[in-house]
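Look at the two complexes coming up: chain A is in both, with chain B in one and chain C in the other.
Up next is the complex of A and B:
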């Protein structure tokens, strides 16, 4: 064909529905992640604790197994209550932090470093869809680690204990679901915003740890030095612990949170303050993303 | 030392310390160092206005807690991670390391020069932050604090805290320089080191000695106990004496640095990977 006949021809193939375009990013991101052997092993290993918890629930409802193991008093040893499920969620959420530190920074920074963002945004694809697509990678991975096994464990306990147990303890299921989603949202937004602002992936990962650990250390230092409890606003694990306790146990809590997510001694804050602090943190992350995710960047 | 080596070393240090000090990437390291100073300044200011609060003894206890839990475990740890792992890895990212490698200079000198420049920055930030924080935490006590500093145990405590902060920079700096030189993602060794260092109080006596924090804690003038309920898991170990801890840390740092310097001879760079 002569060159002059090569004129513009629009794409004539099947278009992806506009509502599901953000899922394209997720598809390619998962392909990338699957290549990392370390991440695959880590992700599979993260299901070990829910498996052990399932075993504990099963053993407690199996009289012959209890007799065989000579553990007739085991039901008193490990009570299956809000604390049990909060511990599962706490452990899984800590693993989710580690996973986000490895997966999150690699989501946005390569696109910004290589000036590839304009290639995305030149297509019928908005900034919000881009962020949603990148978020969905973390949301799906972290959901499968946290509330999905949590609710499966709740279902197993309900199945073995009976329908009445499930209805009596419906608050635990709601706590598992909403508590995990708050943590996932905070973590995913924090990981993406740091990834957008810190272009070196390991540094972004280290900053994620830094925000979590240094924030809690500095918050504790503020509490001690100033004899106040408001330093705990910088302690994300304290904020999550307070919110989880309210979600799992209501307004009359009997515990101080879960593994890694405890309300520290002297760190008691009003629940609405903790919710507000988490929302403000999410808002800051969104505004950081909004400033960086642009089709064109002015370089001075 | 060969005068040419000395000139090259000072040249590398002169180039590097400016880059490290004025790095835009390193803004958060300044925050880590500045945080406690601001906090203790506010403490002093508020207490001076309220005319009351902590006693002199309480202030030294509070500083001991802040030094161990914030400075040693978090501030200096993450600060050194940011400063030292960036010395080589930052140049690889900016694709400028080959300029150094093309100069007629021994690689060992380059490693030592970069380490010393990072160390200068870390020492200036964290040793100064430690000293200032200690000085500020009791300022509201007025003459009693001045007396404690000049004629009591205050000055000795402050100097020991500054020495411990300096040794922490030396130790963690050497570890993170090696991590930045040889490992593409220094976050993985950093996470391993952090978990190991934080587990230290709960490890058996023998394993405790294979960590930096054990020797640093041994040198702290005021000891802080692990609060309940975790204190039941703590294993009691005699602290290392100063004449073992100080040279021990320096020797370990030198060994790690020597390994990095010798290995750097064979380092080849390919930015495409």
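Up next is the complex of A and C:
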């Protein structure tokens, strides 16, 4: 009907599937994010390291390229092993932290600032779907930055090295996938929960960095003062490093993580403690979200 | 008429404190007013019907569906215009309404079409591409109404729709609500502490006080019955003949001071006949009022009751 008729009419057309409503939130969020030139440039730049890693893998398997560059011993300089892939994941994961600090605060806080949540939740749309919709924005962006390029690199290496290499090193692929997912979940939940509690976007972004860097500094201080290792429970990168080392290398690790996610000296914790700490952190974030994501705030 | 809302011992508590106290009522009107002073529980009742608060005991049914077991289905039928500001400041008006319509289940194309229609309907057609943060208070209220009707709900919840509006904006909002009501495609619940809003838009009213139902009345019925109550101010009717003649016509009469007469017209007797009778008796009718028991009277009576129960 033409808009000039200016009348109210009931809707009698078809409705979308109930389960798919959370995708609406994701679509609108991506439309908003696409408008940011800085984000687009940053996101594209974040694929530079995987491209370099792909080039390294290709060069190592290309005898003529090695000969041309006079790098016959290069394969020994940069071994393509668990450490190589952990380094790729570590670098990408750090970029993912920056991306989350930029994107995360803009997810929930605008809805809370002007009480839009009551409008979302007055529809056939649940709180869980709302969180899932917002979470999926970060999950997709961070996945494309972390485990997707990681597995593509693994596939390239396997293709060039042969099927037997792939089967022998399947643990690396599993480590890349699950290690990245744990990090993505922790980051996404933390970013959303901070966005729900801190309405000022720059402050929420800064707080995300604060949780990582201040937490690790505080943990190190506890370790030093109390002569203990349990302060490392506050160091999220330490926790992630421990979990990654176990995922990539099993129970007989040869490294202590990679780049920003190393197990610090004197910060060795039982692996189960690190898993538990990360789970508790996720639980706290979910609880924070649950307290804020409500149709109506109750003033007791 | 099928009840719009049935309250069945509905009790809501916040932190152990009862806010709605075992409410029982069946609301059947086409447009129902929720009236009460601030803090009476009007918004809490709407929020509970929307599933924002869990009932402590009892339940409620919206269009026959239990809010405890069919909350999602119930919300699918409702358009909600909240009391406070509710929008995303950085979004354009039409994009925001489209988002809300899509969340209600409309496919993107239909949602966009109806968002445009809704904006024109509420009189914001020219500003629909402006970000909501730049809207005036009146425009924000209209935008809230647009998002509430864009998906074509069966039931409209309007929580203080004229809050903060200047008189012309209020008149426009009331006219819109009346127009939506008169189309008859949907039922509406209007929560307000303003008697005039409710009186102008509603045919049934539920008055809340301190979480109790203080009164529940059918305004349409009241208006019909009040049309039979008259108060006359006359000159030249001091000998009582005029009263006698009125009683012969079947009127119940009572003589007041200073030439005032209260009377109840019998069914079928038109007011014109009173003027004819007055002319025959050489009596002047100087004033004729429908002596209504207005919503204000009903409200004040309800508020006078000690615990809010009549």
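General remarks:
Operating definition for what follows: the second predicted complex is superposed on the first by the 288 of 300 C-alpha atoms of A that agree within 3 Å, B and C clash if a C-alpha of one lies under 4 Å from a C-alpha of the other, contacts with A are read in each partner's own complex, and residues count from 1 in each chain.
Rule of thumb we're sticking to: contacts are C-beta pairs under 8 Å (C-beta built on N, C-alpha and C of every residue); 3 or more make two chains touch, one makes a residue touch a chain.
As the structure is a computational prediction, the values presented were derived from the model and not from experiment.
In the superposed model, A:209 makes contact with chain B only, not with chain C. In the superposition on chain A, A:15 contacts chain C only, with no contact to chain B.
When the two structures are aligned on the shared chain, A:110 is found in touch with chain C, with no touch to chain B. In the superposition on chain A, contact of A:125 is made with chain C only, not with chain B. More residues of chain A are in touch with C than with the other of chain B and chain C. By the touch criterion defined above, A:35 lies against neither chain B nor chain C after alignment on the C-alpha atoms of chain A. Residues of chain A that touch chain C in their complex: 1, 3-16, 18, 21, 24-25, 28, 32, 110-111, 113-116, 118-126, 294-296, 298, 300.
Within the complex, the chain A residues that touch chain B are 98, 101-102, 198-203, 205-207, 209-210, 213-214, 217-218, 220-222, 224-227, 265. Contacts from chain C toward chain A in the complex involve residues 14-15, 17, 43, 47, 50-53, 72-73, 75-76, 78, 80, 82, 84-90, 95, 99-100, 102-107, 110, 114, 116-117, 120-121, 125, 132, 147, 149, 151-152, 154, 157, 179-180, 183, 185-186. Listing the residues of chain B that touch chain A in their complex gives 25, 28, 32, 35-36, 39-40, 42-43, 46, 53-54, 62, 65-66, 69-70, 73-75, 78, 81-82, 85-86, 89-90, 93, 137, 184-187, 190-191, 194, 227.
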